[in-house]
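Look at the two complexes coming up: subunit A is in both, with subunit B in one and subunit C in the other.
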Partner chain A sequence: MRKIFRKNIPRTAVAVILCGICSVAVINSQPSAEKSPANAHSKDDAKPMPVYGHWKNFTTKDGLPSDHAYCVRIDGNRVLVGTHEGLSVYEDGKWKTYTTKDGLAHNGVVSIDVSELTGDVWIGTFGGLNRWSAGKFETFTQLNSGLPNDLVYCVICDGKDVWAATAGGAGHYDTYTKAWEIFTEKNAPMHEPWTYGVSAGDGKIFIAAWGGGVIEYTTKTKKFKDYTDPDGEMEIDLLPDDGIVHDITTATSYADGILWVSTYFGMSRYDGSHWKGYFDHDSGLASNFINFIRAKGPVVFICSDKGLSSTDGKSWVTYKKNDNNNDGMAIIKNFGRNDDNTINKTTKEIPLSPSIAHNFIIGVDADKDVLWVATEKGVSRGELMK
Partner chain B sequence: MKLNFRILAIVLLILSSISNITGQEKKQNYGKATDEIFPYQKFQKAYVYHFLVPLQFNGAGRELKPPSDLKEVRIGFLGPLEGSVIVSLGKQMLNGATLAIEEANKKGGYHNMPYKLMIHNDVGAWGAAANEVVKMDDEKVWAWLGSIDDIVSHVAIRATLKMEIPMVCTGDPDPTFTETNIPWVIRVISDDRQSSYALVNQIYKKDSHSRVAVIRANNRYGRVGIKIFSETATRVGHPIVIEEKFNDGETDFKTQVERILVTVPDAILIWGNAKESALILQQIRAIGLKQPVYGSDRMVSPEFLKIAGNLAEGIVTTCQYNPNADNPKLKAFQSNYFKRFGQEPDVFAAHAYDGMNIIIESIQKAGLNRVLIRDLLTDLKTFQGYQGVTGKIVFDDTWNDIGDIWMAEVHNGKFEFNPSPPMGTIHQTTKTGSY
Partner chain C sequence: MKTSGILSVLLFFSVLGLIVYFPGRKWARVHVNSKTAVGDHPLNCLSCHLYTQKSGFISKLVNRKYMSPFNMAVSKEGDRLYVVAQEDNALLVVDPEKKKVLKKIIVGNLPHSVILSNDGQRAYVSNEWSDDVSVIDLSTSKVVDTLKTGNGPAGLSLSADNKSLYVVNSYSSNISVLDLNTGEERKRFDTGNNPTGTQLSPDGKTLYVTSRRALIAPYGETLKSEITVLDENSQKITGRRNIESAYMMENIAFTPTGDLAIVTMIRPKNLVPSIQVELGWMMTYGIVVIEQKENGRVIQLLLDEPNAYYSDPFDIVITPDGKKAFVSHSGVNTISVVNIDSVRSLIDKSSPELLNSYSDNLGISSRYVIKRIKTGANPKGLALSSDGKLLYVAEQLEDRIAVINTKSLETVSTIDLGGPNKITVARQGRRLFNNSGHTFQNQFDCYTCHPDMHEDGLVYNMASTDMGRNLTNTQSLRDIGDTPPYKWNGKNQTVYKQDGMRFSTVLTRTEQFNYKDLDAITAYIITGIPYPPNLQYNPNGELTESQLRGKAIFDRTMDNLGNDIPENNRCITCHPPPYYTNLKMAYVKTLASSDDSMLFDTPHLNNIYASPPYLHDGRAATLEEIWTKYGKEDKHGRVNDMTKNQLNDLIDYLKSLRAPAYEHNVSKKFHAKNQSN
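Let's look at the complex of A and B:
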């Protein structure tokens, strides 16, 4: 048998076969994006990802107080934008700006949310928290209230409750009782009280704690649970899909029963039982450096330093501006499995003219057929392409 | 022969495709760690290795012109100047930065505009540093220097990222400071990762100990520093035998020292500020423990020598530079510093002097534009190998200073400094690896 083998099969072919077997083994030994249950869908059962085009960009020339925009929030027929030089409101085709002269705690506006109960606008600034109600700005600071710190990186409304993420802890304000609670490492499972993002959904609050992963707070039971990177090391991600990709978290967003978590090292998705990690080398993510995320239904919009990405966990759409002109493209990537279980990856590029204002994205909001994006060089509005 | 070459070529081809399949290959170990002490490296490759490529800042702002009505060029300073247990360190840091500013102004400042230091106190409380960075943004500083306490620095870097102000850290040795992937900060002082590696090498390899007891400050400085030491000690086969803690300002360490006593260690490591470390040393000796004692960098101070007295003899610590180096720049700095402030500069003064000179040089070269200043600070060319009064500054891909660590040993009431043993030999010399 050995002789027959030696005689009839060229050694080159043997080498190729052996190496092929080796490489297949290596492929199979790599924990893969497509192997996790969260992503184990065929191409056919995925709804098409929304793609936005017909972009219009706004800068100081159009009435913004600064091109450096930090956040954007759609509020019915108007759009609220936080910039380095004040709060701008876009309504009826015009921009109107509010600053400290109007009552803002600080001109640096980094986060905005609107209460569904009251319509009040809550504004996180470099110098405190504002409630904008009935045309008046009420200011909360660490000196006049229970706000943990004056630099409010993120504010959200959850029914009657308002949550603020600050470097001095997470603050919870009950608008009915007017009582504040502060959550730090002393009364919550945080390593440190540095919090930078917060989101809500299904009776839970999800706090992005810098160095501490995600802190989940169940409002009914007032119980905490934390999610951290299982390998516990800063310089590596040991295994994919084993938990949060890194403990330096920058934002959380929850929708459709899915928790999305961003970091400066990649992104994670949690469906309640399985974690899935995404990096720029194994997904359609534009970059691992993610400033902010916002989930709407099954889609999450990802603000990175190299463009705006969006995904439903399987398909990806990334918007990028060209370096040398105002045009750009939407890059669509689909990952799935074919009938023979092989990995299917397709890429399609749709030219955009113009494109988004800049590739360094800091804020995003979506509503029905429009997408608003806050960038370092202006604000962009895209329309859903039919 | 031809056939063999063909086989070899195919194997090489397949191997190269395997490296692509894994997605990301590491080119070197982060932090100058040997394979022996790199996390999980003995067991399996990681899916992703971070910090091997410097992160670029892809934002806007390089095109912005400086204001035309400037009368001074402002640089921020954040340090513990009042209300903190490390005020003496903060004042030395401020002095070092001030001396660099004064010398630059004597040379004409920036295009005949004086540099002005915008001084901010960090009170060491959670979150307070964020407010100070906001003030610096309001003051329109072009860059800033600080701080020492980890809790201050970590809060400050997130704010400096948001406000996009270049930051040069000259006093915080917390390894995780530059492990946050923020492309606006550099560190001009070796960190506790390097100090821990050096201590592990010294204690286990050079001095052949195997049972080390640890007593450390119950704060972030103590917790993070010892974390690296403890993990590294475990990886070379010597888990620490006990980890005791103490609070800043504590003076009675009887309970902790008695617990250490029963573990029968063959060496003791103290990780804390100078005063508490000296008091612990006294109480260690008073209870009868004669084992060699090692310490962290903050023990290298006149305060430690004064309190510890003769008991300090033979103590070995790490230090981020050699203050006795035969370096003309260092000698001139030490002389000028003494003339200006009437005291000897410490490690925080020397590194602040280097850090502020780097900021000034970056402004001189880049002009008044924060992004362009940042670009110069982080290009790993302009300041790579910078020869400062603290020696050669070597940045890694996270802009962390991974320059030489020095071992400081007390002889005749003074610290003497020697290069730390090379790390590459840790695994070859440990006696009782337990893997």
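Let's look at the complex of A and C:
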């Protein structure tokens, strides 16, 4: 199922050498002693990077059905959280949980999106897809509908269309005609049917296809284009910025004309002409192992196994929890340019007490002054620091 | 000599007559018996050779084109009545005072509803078989625009500011929001199953949509039908209220103060054996009263009486003073007059337990039904004059509008819409089809379980002779004349037999139709029930790529592994065009433990997308489930070698199948290919 890593010792050796050279160039950032940074930005940034603090964490003790939170979506005055034990809704300071007894296809809720057009909530679960409309659940499964597979890793709404990334391909559902289309390796440039993520923007759909990079689908022309790692290397990114960093992609997110792509081996940014790769060793990224990303305007939030990072491509803010207590820090890294055009790297750390609930992050959503994070050990809510 | 000559001639002709008569009559008896599948039908050549002709000269000679008024709107001044003439594809402009049709405006196919703009300048007509709305300038009586909608536009409502038109799409089960400035569809919301009625609350804040078919659910579960609530301000669905044990919620009306919304409904008892008919209660009819306040109650009240049912409630209107509601009962040619204050009083004084019991209380109607007014055949849409003094009733199968004085509650006049004077045999059959007079205590008519001459989406417990369950998924009657035998067990070889003695014994529990009526209802069923066009999945006969791939699977003779598929396990073998049935009995391993041992009649597949649930007992909620859940042994076609993509393609193709009239070319090609092979 998964692409087998190719063993190419000579190429790998070259890659390791190149990697070492790069690493040397990146070292030397110094921690800052400043206690209260208003925001993080490089000299040439127009907008500062937002920093979130005043974290509040929610667990089963607060009413969540499970601490294993897979996804989070802000929907006006309420927040929808997908957990291992059902869908939980935070509204007016209280949590209310919905499970299979209420009509949920499966209690493992891994993706949520809200249709701007209708207000309907679409829910991807480990056992099918739900539409939750005015309190009523409608279930789509691979047995009763054209849904490609019941493992729905990601669902998004794009106008009247709903897209689902599943273990059996990407599914497109037209809510007007109620017709399904399936995209797999049979009819799209995919390596295999397994898809992990999907996002939409500017008339295009971006599918994160396992082992197949990113599949771009233009809705008007119904044409595909695929973006794969040009160097084909499975263990390292052999040639920097030559394209997507790895073919095993986990999520895509599109905003402000920028496509962000996450993998378990780093992250990529595509502006329509050029690719840029980001790794934990050459950026503020908390880890190369990225579960999910969500772009909001110029900023992308990155959910990794070692904390939550955010960036606009230049400045970075990473949130980490301490291993031994509930506190943590926001680590701010700026990559600005000095007057002589050399790169000026600065690092600051802001103590957070408490910090985010856990460093294994799977879901995130931001809206105005609030950031919600789904972690392995609960859900966290942060407020924008002025 | 002369006398003997005459006698000889007479004798010759007498002998000849006898020689011809006895064998001839015997032959005729055999012929009629074979054509009717019964042994007692009169030897009347006209029964088959005249009245059941679907096309050609004879058909044109004996049949007529009627108007069939369906819904109406009245101008604010009360000087014009706008009548949807469904069969004539027209909006009639009527002067109610002079009782004269002034103009006929041709609109789209099978118009359903009409609504007038607040300024009275425009009329909007939904065309159920064109998937659009005709916009009519009433000053010129011309169609000035045609707006695209979803599939099967029916009920209409205007937003409070008259800038948006809400169109209920009855076939695609959603509601379109049309921007009247641009003519574009802005949004489309899913509703309950097969919605038709819609009404904006008097404060202009809330739009209700009623649905006819129940939500698909396994047999044995309580029936639920949805009323969908849309918030005008946010343009979002804010409520989906399940109305339990009820369906066919055709229309809705608000009291002028907005404290109550009242919906027409039927309460079917499809879970009890149909033998229940002779005990009453097979179907009950009434209204759903929805209080419009926070935590408002939902109460079901029957309009029936002990031993007398008022079948097929269709429309409801409420007088401007909020005192009376009028409900048309299409199956018994009656208008019920409901005293709304009495309803309020009953609700206020009743405990929750009592309120719950009213939904099954046949006697309770005496507390609020104050009059029954008889009408012509098949009353459908109702409209009140703006002062509330006159009630107009569209008598669909009378081609007439009845005018009722809402104070005296008497019919004061009728308006003839100019349809044919002659009632043809098929038209008489349609009247019978829609009339409950032939069922014990008027409990139901053919239309009740076959609304729009289709099917109601329910599974009934048709108890067999040994009282097994024999669950039966109601089948569509559209264009079934050429697809004998009938019933899932194929026991009835002809419509004559289907609607004859057995029908009265099992279902209506009264005297069987006399032969004249049997001829009439057979003529109607065979000649008069067309399919709607398949505008959603196959609007022009050009199949999509997916449908073409699905067709290849449908026609295939080899599976994905390269193995021959036995001929009797290929889709095309049992489901050849144009009806997509080979008219034979089949075994597809779907017999349930409660079924009598039997084969099943291979069903036709035209417009099959519109007939969920599927299989003889409705166990498959969707077409997919026929194979994903109930086709695991490859007895209903070879399917388990297929990928999900292929199954989706096959389903896409099945949904594209249209009326036989469209499929005859396909049929010719199919049979030519078979012959050449």
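Going forward, the second predicted complex is superposed on the first by the 342 of 386 C-alpha atoms of A that agree within 3 Å, B and C clash if a C-alpha of one lies under 4 Å from a C-alpha of the other, contacts with A are read in each partner's own complex, and residues count from 1 in each chain.
Just so we're on the same page, a residue touches a chain if its C-beta (ideal position, glycine included) is under 8 Å from a C-beta of that chain, and two chains touch if they have at least 3 such contacts.
Note that the structure is a prediction, hence the values are computed from the model and not measured.
Student: What is the contact status of A:151 with respect to subunit B (first) and subunit C (second): first, second, both, or neither?
Tutor: First partner only, subunit B.
Student: Which holds for A:143: it touches subunit B only (first), subunit C only (second), both, or neither?
Tutor: It touches subunit C, and subunit B stays clear.
Student: Applying the touch criterion given at the start, work out whether A:239 contacts subunit B, subunit C, both or neither, answering first, second, both or neither.
Tutor: After superposition on chain A, A:239 lies in contact with subunit B alone.
Student: So, does A:184 touch the first partner subunit B, the second partner subunit C, both, or neither?
Tutor: Once the two structures are laid over each other on A, A:184 reaches both partners.
Student: If we overlay the two complexes on their shared chain A, which of subunit B and subunit C does A:175 touch? Say first, second, both or neither.
Tutor: Only subunit C; A:175 stays clear of subunit B.
Student: Would you check which partner chain A:134 touches, where first means subunit B only, second means subunit C only, and both and neither mean what they say?
Tutor: After superposing on A, A:134 lies in contact with subunit C but is clear of subunit B.
Student: First (subunit B), second (subunit C), both or neither: which does A:117 touch?
Tutor: second
Student: Using the superposition described at the top, list the residues of subunit A that contact subunit B and also contact subunit C.
Tutor: Shared contact residues on subunit A (touching subunit B in one complex, subunit C in the other): 142, 148-149, 168-169, 184.
Student: Once bound in the complex, which stretches of subunit A touch subunit C?
Tutor: So the residues of subunit A in touch with subunit C come to 117-120, 131, 133-136, 138, 142-146, 148-149, 160, 168-169, 175-182, 184, 186-187.
Student: Looking at the complex, which residues from subunit A come into contact with subunit B?
Tutor: Its residues touching subunit B are 11-12, 15-16, 19-20, 22-23, 26-27, 30-31, 67-68, 70, 106, 108, 110, 126-127, 142, 148-151, 153, 166-169, 184, 192-194, 196, 210-211, 231, 233-240, 245-246, 248, 264-266, 279, 281-282, 287, 289, 305-306, 358-360, 375-377.
Student: Inside the complex, what are the residues of subunit B that reach subunit A?
Tutor: 3, 6-7, 10-11, 14, 17-18, 21-24, 30-31, 39-40, 44, 46-51, 55, 57-61, 126-131, 134, 137, 151, 154-155, 158-159, 162-163, 175-176, 179-182, 220
Student: Applying the document's contact rule, which stretches of subunit C touch subunit A when the two form their complex?
Tutor: The touching residues are 150, 172, 174, 187-190, 226, 228-229, 234, 236-240, 242, 536-537, 546, 621-622, 624-625, 628-629, 643-645, 648, 651-652.
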